[in-house]
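First chain written, first letter: the chains are A, B and C, and each begins at residue 1.
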Amino acid sequence: MTRLLKNSLVRFSLGLAAPVALLLLWSAQAEPEGARSLAFASLDAIAAALVQLAASGQLLRDALVSLSRAVTGLVFGGVLGMAVGIAMASSPLVDRLAGPLYHSIRQVPLLGWLPLIGLWLGNGDDARLLIVSLAAFYPTVLNTYEGFAHVEKRYLEVGRLYDFSPAQRFRHILWPAALPLVLTGIAQALAFAWIGTIGTEILLGSGSGLGVTMATAQAQQRVDIIIVAICASGLLGFFVNHVLVLLRRQILRWQGAHQ
Amino acid sequence: MTVQPHIAPARPPATQPERGALTIRNLSKSFQIDGAPFQVLRDINLEIRPGEFVSIVGASGCGKSTLLRLIVGLDTDYDGEIHLDGQRVTTTSLDRGLVFQDHRLFPWMTLEENVGLALLNTDIPKHRRAGVVAEHIALVNLTGFEKAYPHQLSGGMAQRAAIARALAASPKLLLLDEPLGALDALTRIHVQTELQRIWMQQRSTMLMVTHDVEEAVYLSDRILIMAPNPGRIRRIVEVDLPHPRERGSAQLHRLRDEILAELTGAPVTRSLIPFPAKETHS
Amino acid sequence: MTRTLSRLATGLTPLVILVAAWQAASSAGLFPPQVLVPPVEVANTLAELVSNGELARHLGQSLVRLAAGFSIGAAAGLLFGAAIALSRWTEALFAPLFLALRQVPVLAFLPLLVLFLGIEETLKIVIVAVAAFFPVALATFDGVRGVPRGWFEVARLYRTPLVPFLARILLPATLPPVLTGLRIALTRAWLVLVAAELLAADSGLGQMMEMGRQLFRIDVVLAGVIVSGLVGFALDRGAKQIERRATRWRTA
């Protein structure tokens, strides 16, 4: 029986079974006589909403705005995070000073900062960007620190044998050796930045963005629009993550099979 | 049987700077283990002539690797004197190269990049570097693999690459720390032959630590036998056989057996005339 | 003992310096009161909230929701993860849907759930459960799949009966990754709960902070931030301790 599973066609159809069942269940609920038709939108309504959002360009606009927020936050938080991570790994003094600070700030749940930042920076883009950057900052610091702190000493010895200057040591040994973990940090940072983006958009719903659309749709009780936005955010997240995976494979092609 | 090694008499000052003359006098080193000093090396004295191939053999724990690290400058805490061509050894330098047992090629660089990094801080002008790299890759018979990453190379190939890298910087003295220890027996024989060929071609001064006595006898002009606890040179054996050496030769085997016997503590049969190797003892 | 004390001291020093700088900046009037309020005032507010029971009420509500949602989500995650790890058919059926849903950030489900469930307690508990479900399911899957095939074979060779097999072989083998997954899920759950309370609640730590924001009471907001941070720290630390004790047999 298990041999059946090796057939990719069988696997594919099986994989579809659950989503299809879900859709059927959903449709049933959305029928006029269904228990909660108010909350459920029928599948055609969802399809119609999709077409409408796509045609009006709103879907694309929302997607791009959310994506650009996430990426901007990723860049800010990521670059700062890398700098802090490298500093902490290179200098025990910095590590002892910055470490506890970083760990305490990290304990506050990300969106818990929102009211505070809201008071400081209002409801606009600045507040959102700060939170998204913070979301990207944490995993980057952690992973960059791990990467740089655990560069194998035996490679550093080779650098000493060939009279490497500190710049050469960084460029030819420290950076490439730490890169796998740094890239892991960036991938995690992206995931968190995406969560932060959608989260802040939902909570500070103004302007464009997938989260904003979701919040507005919720207020208007438009389940169909929400579903479209959810799917879009899932797809977008998957797509960007996949790009990162491909990038990683290319950058780290020296690693070979054992990784 | 502990015999004091013989120190060659001081040479008259040369008119040309010698390449790779190593002089060690009264070298000692201790580690602190749990607060108590542990002497790893005691009173090492030796001289290596330029162009020589010298091996150090001995049981584990006799400080062979430590000695190499001190000579190459990775470790600078010792008592005594280490001089290369008259200059005191204080830290690492391109004058002295080291090949490790684990090849330590940078996994993130291709073969030619790895060899190239040896040249980064040399005086060789940039436009000539590619040529030097290619030369040394050819020297170890790895032409064609320039763009390969270390994980794509076999153990033997990687070690040859490490040798190429070390030689690319044209060190006066090349140290090798059990370079073939991680390779399987067949590969080891192959790389030994390569190493002999390379050395004959370049006549660099080489000092190799190995636990394989046959390897030492095959490659070296002189063999230093070390004893442990504390590490010291017990005997220096001269191998006066012509290069290239024949693996199957009876003299080679006899010498190997003798040295092995000494290392493993078996009684030395006095009736065996140790010919053609000359024992040096005072 | 002295070592931990001195490590604690070096750890706390930068924080102490920070608080001192904060106090100095506030007293010097460098920032308007909406932006920064002296730590003393925050401490007072905290004390007030504790004494009049407000903090206990809000914190209690949050923790109850967290406990309820986390237990449900983690339990479901354990069962689901184990199920798809042990049975190839279940995996083929449910893994694709699971992985697809996982791509969506949990918070994105918030508006949808609000429409379905309103803003009552159920909403918070459900979203916390969802937040906890995914990391636990994934970790359980990894853990169970990671058990070397050889161990099953040895068990069969010795004809180990089911219960001892589960208790003494499978469980300890899967415990480390599962515990790590539980810890991550706990942090994730706490994050999502606070976010949900910010949006739609009438009590809870998140709601307390949101109220503070709307009333421009930055001292309340800061107090909330500190408390939520402390809770996050306690949860993380507690989870790490359990993890460490349960996996003592594991070599580093």
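FYI, a contact is a pair of C-beta atoms (placed from the backbone, for glycine too) under 8 Å apart; a residue touches a chain by one contact, two chains touch by 3 or more.
Fair warning: this is a prediction, and the values are worked out from it, not measured in the lab.
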item: Chain pair whose interface holds the most contacting C-beta pairs; value: A-C
item: Taking each chain's C-alpha mean as its centre, the one farthest from chain A; value: B
item: Distance between the centres, which are taken as Cα means, of chain B and chain A, whole angstrom; value: 53
item: Whole-Å gap separating chain A and chain C, where each centre is the average of the chain's CA atoms; value: 18
item: Intercentroid distance (Cα basis), chain C paired with chain B, Å; value: 57
item: Multi-chain contact sites of chain A, meaning residues that touch two or more partners; value: none
item: Chain B residues touching chain A - in the complex, by the definition given at the top; value: 72-74, 92-94, 97-98, 100, 102, 104, 106-109, 117-118, 120-121, 149-152, 169
item: Residues of chain A touching chain B in the complex; value: 154-155, 157-158, 160-165, 168, 172-173, 176-177, 179, 253-258
item: Footprint of chain C on chain A - complex, ascending; value: 2, 5, 10-11, 14-19, 22, 36, 39, 96-101, 104-105, 107-116, 118-120, 194-195, 198-199, 202-203, 210-211, 214-215, 217-218, 221, 223, 226-227, 229-231, 233-235, 237-238, 241
item: Chain C to chain A touching residues, read off their complex; value: 10-15, 18, 34-35, 88-89, 92-97, 100-101, 103-112, 114-116, 190-191, 193-195, 198-199, 205-206, 209-210, 212-213, 216, 218, 221-222, 224-225, 228-230, 232-233, 236
